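Heads up, the next two complexes both have subunit A, just with different partners, subunit B and then subunit C.
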Partner chain A sequence: MSAETGSAAPVLAATDLVIEYSTRNGPIRSLDQATLTVGSGQIVALVGESGSGKSTLGMATGRLLASNAVYAGGLLSVAGRPVYGPGAQGGEGLRALRREVLAFVFQNPVAALNPTMRIRRQMELAGPAGREARDGSSAAEALGEVGLTDVPRVLRSYPHELSGGMAQRVGIAMALRRRPRLLIADEPTAAVDATLRAQILNLLVSQCRDQGCALLLLTHDLHAVAQHTEQIAVMYGGRMVEHGPTAEVLGRPMHPYTRALVAALPGEERPGRRLEAIGGVPPVLHAGCPGCAFAPRCPDALPNCRDVRPADAAVAGRTLTCHLHPGEIGDPSAAPNDAGRPRATEAGRRHLDKEQEAAR
Partner chain B sequence: MSAITASPASTGPPPAAAPRRHLPFHGDALSRLGLLLLIGFLLVAVFGAWLPLGDPEAVNAGPRLAAPSGRLWAGTDSLGRSVLPRLVEGIRTTFLLAGTAVMVTAAVSVLLGMMAAYYRGLVAELITRGADVLFAFPALLLAILLAAIVGPGAPGALISIVLICSPLMVRVVRAASLSVVDRDFVVAARVGGAGPGRILLVHLLPNIAGPAVVQATYALSVGMLLESGLSFLGLGLQPPSASLGSLVHEGAVYLPIAPWLVLIPGTLLTLAIMAVNLVGDGLRDALDVRGVEVRR
Partner chain C sequence: MAPSGGLRYFAGRLVTGAVTLWVVSVLVFSAVHLVPGGYPDIVLGPASSPQVREALRAEFGLDRPLVLQYLEWVRHVLTGDLGTSLGTGEPVSAQLMRRLPVTAELAGLSLALTVLAGVPLALLAGLSRGRFGRGLSRLVGSSAMSVPDFVLGSLLVFLFSRFSLGLPVGGYVPLAEDPVANLRSMALPALTLSVFGLALVVRTGRDAVAATFSSPHIAAALARGERIGQVTRHHVLRNAAIPVLTVLATYAGYLMGGAVIVENLFSLPGVAQAVLNAINGRDYATVQGLVLVAAAVFIAINLLADFAYGVVDPRIRAGHRG
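Take a look at the complex of A and B:
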């Protein structure tokens, strides 16, 4: 991490960001006052079900949302420069911001490469402009750093000649080519062969650590989150519900949604034991949700959960957005109204603890 | 399988790339026939002027309306001009005019089509609606209208062909571009700070080149047909220069007594258009994007 000016500002700061998609059936609210901060060089996971707004937040950082996305309030700044909100720049300023600060790694590695261009040319285009761009050896070095063997062959290949794992390594090398300060990885291992997932994720995290680049990992994979990330933000209905150090949040989940996620984790269940699915479906918001978005599915919902929006509160080293008093949900075994869940939560927790130890 | 591909694989290119096609249109006899014909026509068009066939515009090279014979292979026309050199000139003008028009069409439509896909909103609306309006006109009617405005001759024919072929090509290019423009590698390029120029030319253009080339070959055959139609109506090339269409036009009066004046250029025109269309079909099959994706 460099000590240059501006590194004091968080690389990503979203405050009450609201993004809607205008559709034929009226607006769909994807981000509903989302608040997230990623410090310089931090490895942060953003988890949540499909449709919770993870990808929208990721793409919003570069103003790369689909053309029907509408900004409807709040602030988003990247490396201290406003992207949404007052003073947000378009045109050349935005291009400079993308070029200098941001990089993306995509879910489908082959689709992230131009099928009509050899890897060498794509690496050159992804590299810094000017003299270095023509320098084939630096492209080769970059590919070597991401663990590719037989670099010359990869350089002269077209994307369809690479396997998914190789293509994702190339994607990571391309993303890190300009030394970005914030890398957004949207399910980078979802399309990769299961046996390679751990390798690819290790590579991504270690490359980011080496370069001092912050990583925002959008994922469903809590095992990977527990192993690799320092901070976790749990998203539901376009809003953060729990945000804090990964070990704390996954070790002792406090928001009912986080608890349900951890309980749904395949872990050390014995044969015959059911995994706990979360009942109901995620909400589709057409406007701001008056109360807590999770209230309809929440087993512990209080009468005011549906009508009154919970405030962010600092509880046990994390930011929690929930009406339930921590005392009432803090000790899972004390909750009287769910018999099966606490044990499953315990199992998930033990499993995660083990993985964290293994990662160290 | 994935473990193998991740480990060193220094055994040359993967098998998918191995079966290289050495000849164009492998296993596609019709397209090969079309290609041979087209090459023949192009050779005649390019080198025909140097063949010792005589002057296409020299009057009284033989008796008037002479039938094809050993000395005058294609006979003579009403002014006693030898028809064979006129046919060669006709092939050249027809291909040259239609080819030029198609190149202009391709350049304009590819740019507009890509812009219509990349810039949504007003720009896209203007381009697509403009194309729709042009598309609504019957082709030959539009050409006649233009000939009336610009005046008969090569420029009018050229503009007509461009205006008639462009709308369809804009649509095809736009449709192809729309499927590319939202793909991750374009987003990645935008994140890298690439401007619209680079995205359109470096990332979009190569990915839509296949459909654009196929469409251009079809535009070539339409262009040749249009040019001939205009010339036949007397609105295209003006005498004494010859195109295949104007030759048919000149010979039409003498159809009962000298049918070869119409039949030979008419047959040549049919063959030329057929050749171009066959090559277009072959290209379409050879460049089929879906086929490539399945191979992956």
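Take a look at the complex of A and C:
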């Protein structure tokens, strides 16, 4: 964990969170005991294929899931306030949390704006409550801060008159106006012109750094992750499989799924070598997965991978959930609902590094 | 960019309206003259001699080529002369002036009833969570839409006359003569004519509200911690109004057809009743004149609706929708 985490409560703490969607064909489990911690001011990437549950986790932070989502266990709290689990509040408390602590940046920036309202009015409505809200100049300042030129024209515009990049800058300005403590950005550059993606991401990260706002970046884009984030959490089948400092995780991926993701990256290929795709398809879970969700696609699966759930283990400076790397304390045959999950420790890490080396 | 785009949009609508009116004039003229059984057949009956029929045709200029008759008619209409009734010899415009207020009042009351009752009901159904609102609005909507006017109207006539329920089922009192009696005589006809529109507005409005609620910008507003009431006021109403305006414009067109049935059922001396009588009597001038005016009114209503879209939805002004 990075230094600034300190002793303060993390801005996001999810523990064994289980969320299911009830459908006509029975429940679909989207989060299967997902565990994630984001410290104050941290820039964290959450990566995984579509369907891995990362958007569900992102929206769950503000209890903004679709109406067919069912909470089925675990805890989630934002800045110490419970969102799922005992003491979770709805109504006014939840709205206060959304207003004061959380902010979201969405995938499609134009669709996230009201199509029949000028940007000025939308900025006012999204701004801080009270007198300032009527103050047009502060809306203009906010737009200036996100690098928009010709702010008066943008303020006069309707969303359809803006490009995707401009609209996303407006989205970022709106999200950061209330000085949130945690910003959830779900594929914020997916709908933006490829040439502008780096710019938008730079802006998002630097604005969050300036404000000391933690950023949870949900993305497929590992290049961007490598460049901008301190921590990375790799998600598969509704739970974290590998979580740790970005440089170490991407530099030396250890979970077979992370390894496959990194190998599938364009740009990592060498002449004469095939660009690898991950074989098979991501799972659709109808209940808790008894073993490791990646086992059916895993090239190195052990006999017990499909049936026994691996425990979290501290390995090489990261948290790893894999039978191939059982770690210091983790027992490969541990029960799936093991309560006291071991966390990474320095001692454990050194120990495991040696063990890893020996194993190779 | 916005003002010139808006101007072009409105000008474009105007031109389209003018062209539509011209097409309607051609269609009405041809339809009226191509109906089997011409004016002499109807007036003189099947037993009349060919010579007498020819004389009658010549008297009204019906023996000339249709193209010439059409051009003559258009020339008169453009100078404000709608022609003279073949049946009564009265100018068509005089008949129009006498009958238009009746139809306009009927249509206006129906439209008002539709909007004033339909929009709140649609909102209520759209805002009520879960299946109850949707189920109720679907049930009310589809049953009200599937009952034809003449069935509903006949039922009302029967019930109110058989059991003397306090509202007159026929006879018309001019507004200037006795406003209260006028409204009482208009109540049942307007109700009959508005039920279809009411159902249309409730269904469309409910679905529009529900669809708007599931759009990403509403999710974004809720994610910012805005109250559901604020979100509805700021972000839902205007967006949901767009499809409702569309069906209201369609309904305004339907009112013209519905008026034919309702005016006959409740013996209202309106335009629609006159058109029906004129068709039966092959009174070409009256049919042409009245239908052309009705078409002009219809086109004007649609133009108004188009302008209203342009005001409500900035994307339409700019020329790209959705």
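Keep this in mind: the second predicted complex is superposed on the first by the 313 of 360 C-alpha atoms of A that agree within 3 Å, B and C clash if a C-alpha of one lies under 4 Å from a C-alpha of the other, contacts with A are read in each partner's own complex, and residues count from 1 in each chain.
Please note the rule applied: contacts are C-beta pairs under 8 Å (C-beta built on N, C-alpha and C of every residue); 3 or more make two chains touch, one makes a residue touch a chain.
Only a predicted model underlies this, so the values are computations on that prediction, with no experimental measurement involved.
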Task = Overlay done on subunit A, so just call it for subunit B and subunit C: clash or fit.
result = clash
Ask   = Of the partners subunit B and subunit C, which touch A:165 in the superposed model: first, second, both, neither?
value = first
Query = Hey, is it subunit B or subunit C that touches more of subunit A?
reply = B
Query = First (subunit B), second (subunit C), both or neither: which does A:149 touch?
reply = first
Request  = Look at A:21 in the shared chain and tell me whether it touches subunit B only, subunit C only, both, or neither; answer first, second, both or neither.
outcome  = neither
Inquiry  = By the touch definition at the top of the document, which applies to A:196: first (subunit B), second (subunit C), both, or neither?
reply    = first
Task = Kindly classify A:106 by the partners it touches after superposition: subunit B alone (first), subunit C alone (second), both, or neither?
result = both
Message = In the overlay, one of 2-10, 38-46 or 56-64 from subunit C clashes with subunit B and the rest don't. Which one?
response = 2-10
Intersection of subunit A interface sets (partners subunit B, subunit C) = 62, 64, 95-96, 98-100, 102-104, 106, 108, 111-117, 125-126, 160-161, 174, 178
Inquiry  = Taking the touch rule as given, give the residues of subunit C at its contact with subunit A in the complex, in rising order.
reply    = 1-2, 215-217, 219-227, 230, 234-235, 238-239, 312-315, 318, 320
Remark   = subunit A contacts subunit C in the complex at 62, 64, 95-100, 102-104, 106, 108, 111-117, 125-126, 158, 160-161, 174, 178
Request  = Note which residues of subunit B are touching subunit A in the complex, please.
outcome  = 1-3, 5-10, 13-14, 16-17, 120-121, 182-185, 187-195, 202-203, 206-207, 209, 292, 295-296
Interfacial residue positions of subunit A with respect to subunit B in the complex = 59, 62, 64, 66-67, 95-96, 98-100, 102-104, 106-108, 110-117, 125-126, 149-150, 153, 157, 160-161, 163-166, 171, 174-175, 178, 192-193, 195-196, 199
